[in-house]
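For clarity, chains are labelled A, B, C and D in written order, and residue numbers in each chain start from 1.
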Amino acid sequence: MTIAIGVLGVGRIGEMHAELIAQRIEGARLAGVFDLNGEAAKGVAAKFNCRQFSDPEELMSSSDVDAIAICTSTDTHVDMLVKASKFEKPVFCEKPISLSLSETDRGLKAISDSKTPLMIGFNRRFDPSHRSVRDSVADGSIGDVHIARITSRDPAPPPVEYAKVSGGIFVDMTIHDFDMARYVVGSEIVSVYATGAVRVVPALAEIGDLDTVALMLQHANGAITMVDNSRQAVYGYDQRVEVFGSKGLVGSDNPLMTSTVSRNAQGTQLAKMPYFFLDRYIPSYIAEWNEFIAVASGKIAPAVTGADGRASLVAGLAAWKSVREGRLVKTSEIN
Amino acid sequence: MTIAIGVLGVGRIGEMHAELIAQRIEGARLAGVFDLNGEAAKGVAAKFNCRQFSDPEELMSSSDVDAIAICTSTDTHVDMLVKASKFEKPVFCEKPISLSLSETDRGLKAISDSKTPLMIGFNRRFDPSHRSVRDSVADGSIGDVHIARITSRDPAPPPVEYAKVSGGIFVDMTIHDFDMARYVVGSEIVSVYATGAVRVVPALAEIGDLDTVALMLQHANGAITMVDNSRQAVYGYDQRVEVFGSKGLVGSDNPLMTSTVSRNAQGTQLAKMPYFFLDRYIPSYIAEWNEFIAVASGKIAPAVTGADGRASLVAGLAAWKSVREGRLVKTSEIN
Amino acid sequence: MTIAIGVLGVGRIGEMHAELIAQRIEGARLAGVFDLNGEAAKGVAAKFNCRQFSDPEELMSSSDVDAIAICTSTDTHVDMLVKASKFEKPVFCEKPISLSLSETDRGLKAISDSKTPLMIGFNRRFDPSHRSVRDSVADGSIGDVHIARITSRDPAPPPVEYAKVSGGIFVDMTIHDFDMARYVVGSEIVSVYATGAVRVVPALAEIGDLDTVALMLQHANGAITMVDNSRQAVYGYDQRVEVFGSKGLVGSDNPLMTSTVSRNAQGTQLAKMPYFFLDRYIPSYIAEWNEFIAVASGKIAPAVTGADGRASLVAGLAAWKSVREGRLVKTSEIN
Amino acid sequence: MTIAIGVLGVGRIGEMHAELIAQRIEGARLAGVFDLNGEAAKGVAAKFNCRQFSDPEELMSSSDVDAIAICTSTDTHVDMLVKASKFEKPVFCEKPISLSLSETDRGLKAISDSKTPLMIGFNRRFDPSHRSVRDSVADGSIGDVHIARITSRDPAPPPVEYAKVSGGIFVDMTIHDFDMARYVVGSEIVSVYATGAVRVVPALAEIGDLDTVALMLQHANGAITMVDNSRQAVYGYDQRVEVFGSKGLVGSDNPLMTSTVSRNAQGTQLAKMPYFFLDRYIPSYIAEWNEFIAVASGKIAPAVTGADGRASLVAGLAAWKSVREGRLVKTSEIN
């Protein structure tokens, strides 16, 4: 059986998903696309030889669409979820579900009430290296978890215009790390202490955002996770996760672009790191879609749920509260 | 402009090429396929939504085919080259061109006489790590080349039935290393000293083949290349190239499947190596096809020529002669 | 010129220093030793063929002693410093100077008033890898410092009896990391946020100590340092420092005991890490003594001063206050 | 019990041994030294506070000397061995025993007839990384040995004057690798195929020596060892050993001088390699002396025997014969 997927929104990430679905995913087919920008949708439809839908509900309701992928801008996710919940079709939704917790809850309620299978796009969970870290924790290889460390740095900052509507660094960027912390440690975040600064893009200060942050998370199981983010690592896309426990340590180091080694009188030189997520995480997106196909085929329940999307948003909001109030904030304070 | 490629032969390697052309190569299109095994061709044609041709010349002559990929069994390559040379279309041919030098010359003459652009499928040249080694040599970074080392080991031996018709290890397996030696050192092989043993598959002894070999190659520029091969490395597909010169060293080490690191009281554990060529060399095949598209578009001359294919076969035949006669053999002795 | 050094206190660390001075330090000589435990002193004196002094002042005042090394228990350091300040001889003192800030100040005043050259034993500054990190920051190679990360974990916890008189983990263990943070970042610590837990040795809870801690330090130059410590890393002595800035990253990774690599069907295995400081830091102690010899010879001023010792104690006391009050504590609050 | 060692010859290597014996070897004492160059001997005796002997036999016969270390120039080793064989004292002798096989045999006969315990100074056997390779082979971890690879390159060539009396590269430099091959593979060398060139020091051509060589060794157990040497690796002292077998691979990679890692827009930089043997092999010399002390104490038999010294010389002579005659040479041809 092939699952025909309709993709809503073909901006940068949506087009990437459309391409993967069209070409790289066994058991999947790109049924069609929709985008408010009709020209963009037209181009993608032509490129991958699929239908262009004229509005989201036409796509959602089409008998040629088995499953729905929501890749539109964040502020439209909840409306899309509510609409999608009417069609009894499995739904994939990009992160974050919303910048608002009440809106998130509205969307999740519609999904839940309709028993719609929903999977949230935390792609890093599907990266083979990070997944291997989680597996080693989950199978007991490292014993009780004491300390986790997550470093996640982008190669270059996004435009300030984007930052303005992104929910700020904790909701836009750190959200991946909150999810990663919950994923690898295997325990909920109960409190957040966050700090940060503007070191890279001065204009961020004017809109109350940060570009360099550090966080300390307490988990329900007693583990502590330390996270740091920067919007600008000139050496590339720095993505490391490490978990330390009573029996040892497991971590995912940065892969390099090639396995070339040079030696001369100056020392030893290795290759560059991946520059950004397209250089690093394509295998994770492919694994994500393979998982979604299994979900849409009814074989498994979604591994990344609406509750996961919500929990990371809560942590992000707690981080902002922590920075603003200069104190540790419990996630139970956010609602 | 999109180049429409017809693929002759859809066995393991041909089907892989068909899939890459159909899905992964910008500017390429899979026009159709042919295989003596009609069922196999039918399946591939259906899977990638392309035409199934009923004989090679129908494919070669089709107005819907811009370029021809020869992926049939080695013993048919020369006939295919001769046929293809009539159609003024760019040709890709898998290695080795033939097990016979005179046959190779017959095929290459037809290609040459017809001025058909021909590219031979030495995919490892397109591996980013190996390529980076070659580039560092070519740009003078390591100075004059003194010593190269190539290790190339398969994870498991092929069936003895395959070995029987393969030309033996030096023509079937080491041929990649002869090409790699010429590629990274940037100089012709002038002599071969080879030795070997049967250590893995006793039945190979009966057919005069080897599974564990070591070679010493002299290049025209004075460099020495040491090569070793094994048909069975239980830890995976070991593929290393290293060049040492007057200004330093550059090498391509084995990549690992993930960047996971574990530490416990026993030591430090890293991930597995790629198991075989599909795990390691897909990026090289994609780069190979990108190169061929540029060739077929008339933008560049083929970087891997018929002469390259011939030179590696000569080295392979020299290696067999060296083993049989227990002495160093000059490549000029082979003709 | 050879500097004759008298060593006060030949417990574990004092004996190690005595041995290094006697055997490994160019330009140094072990003049003699003193220890309250006369048998211990006698053994060391016999082993390294030096004099055994009967009390500290006899050693300090001896015309055969050019410089004084204070390696006695922490609670005696200040009295030793005050005594030593009378003899116009260069002094080396182990860290921490004292568990009490007022006592520290009393000792440092005597040293300062007498213009005694004093060097504090923060050996990690002399580790070639950590030093190289500092050098890359200091020479501008990584630009402005944004984030530093320090992981420092012991292989096994000390006896609870020791912990009781140690000042607790922040003063006994993290003190090295406070110094390292100041050293590599090149800027004072202005605030400390600390948290921690008892995960390894339950008995520590009864004495109000911790064995697993995480800290966030703010520096005067805007950098943030994240530190984590554990009293028990079963895989060995984990000692990593990393600095991230506007132009790149530099870090000191853990060395391994050998450069052996194994590969089999299970993956790739590397060697063990150093088990504890004697396996990792001997080269740092040797470099430390070389530095002290240069200080004692009047060639250079001490690179690790009393003020450095004081600053790390202040940070340690701030960390305890942070944990007790559950808030960020400015180092200016400690006095 | 402390073993008092007298050192004959305090050139570069002899002085290093004297220093290690005086300062770093538990259970050893430097009894005294002798050197034809009396000033050199005087300096060393003063530095390490030991006796200067006026001739070799005075040292050998002294009741204050328990064991004899022969570190004089190679051409005197055999005479020293013959003399030493009269004193019933354990003997350490640097490699090679002699450049002449008959002379070697004369020396070894005296040693053997007198039942003198003799240990030859193949220090690399005691390097923890190489030793770990050997151990993994010896304990069966990698199964049957199929292929070994040894790379051994010096950072800079010795003076031509030295080369003239050294026996040439195969006897002076490769001799370590012949011993290493026998050590890690655990089987005798039965044949040698060698080739080489002058690429670094043109003057070597005039004296019939080489500076860049490659060798293929056949072992009695069917394993093949590939060796390459260069007199000049600008990046440092390249010392790698690797053994591949039916169950996997084990190798000793080059250690680096520090564990520092830098990342910037150009890529990843690691530290330099050790520059030469004093930077790399001090731990091996210490382990070597610890072993000799155990031998001299009668606790163990020598692990590196006269027969080991002889076998490597035979291989070196076979290599020269192979180069001169352009053919594979059996070690049984050398006598």
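Throughout what follows, a contact is a pair of C-beta atoms (placed from the backbone, for glycine too) under 8 Å apart; a residue touches a chain by one contact, two chains touch by 3 or more.
As the structure is a prediction and not an experimental result, all values here were calculated from the model.
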Find out how few touching-chain steps suffice to connect subunit A with subunit C. 1
When contacts are scored as defined above, which chain pair ends up with more C-beta pairs, A-D or C-D? C-D
CA centre of subunit C versus CA centre of subunit D: separation in Å? 39
Quick one: report the Å distance separating subunit A from subunit D, using the average Cα coordinate of each chain. 57
Send over the residues of subunit D in touch with two or more other chains. 234-235, 247-249, 263-265, 271
Enumerate the contact residues on subunit B facing subunit A in the complex. 23-24, 128-129, 132-133, 136, 141-142, 247-255, 257-265, 271
Subunit A contact footprint on subunit C (complex, rising order): 144, 146-147, 149, 151, 153, 193, 195-197, 199-200, 212, 214, 216, 218, 222, 224, 226, 228, 230, 232-235, 238, 244, 246-249, 326-328
Please give the residue numbers of subunit A that touch subunit D in the complex, ascending. 234-236, 256, 263-273
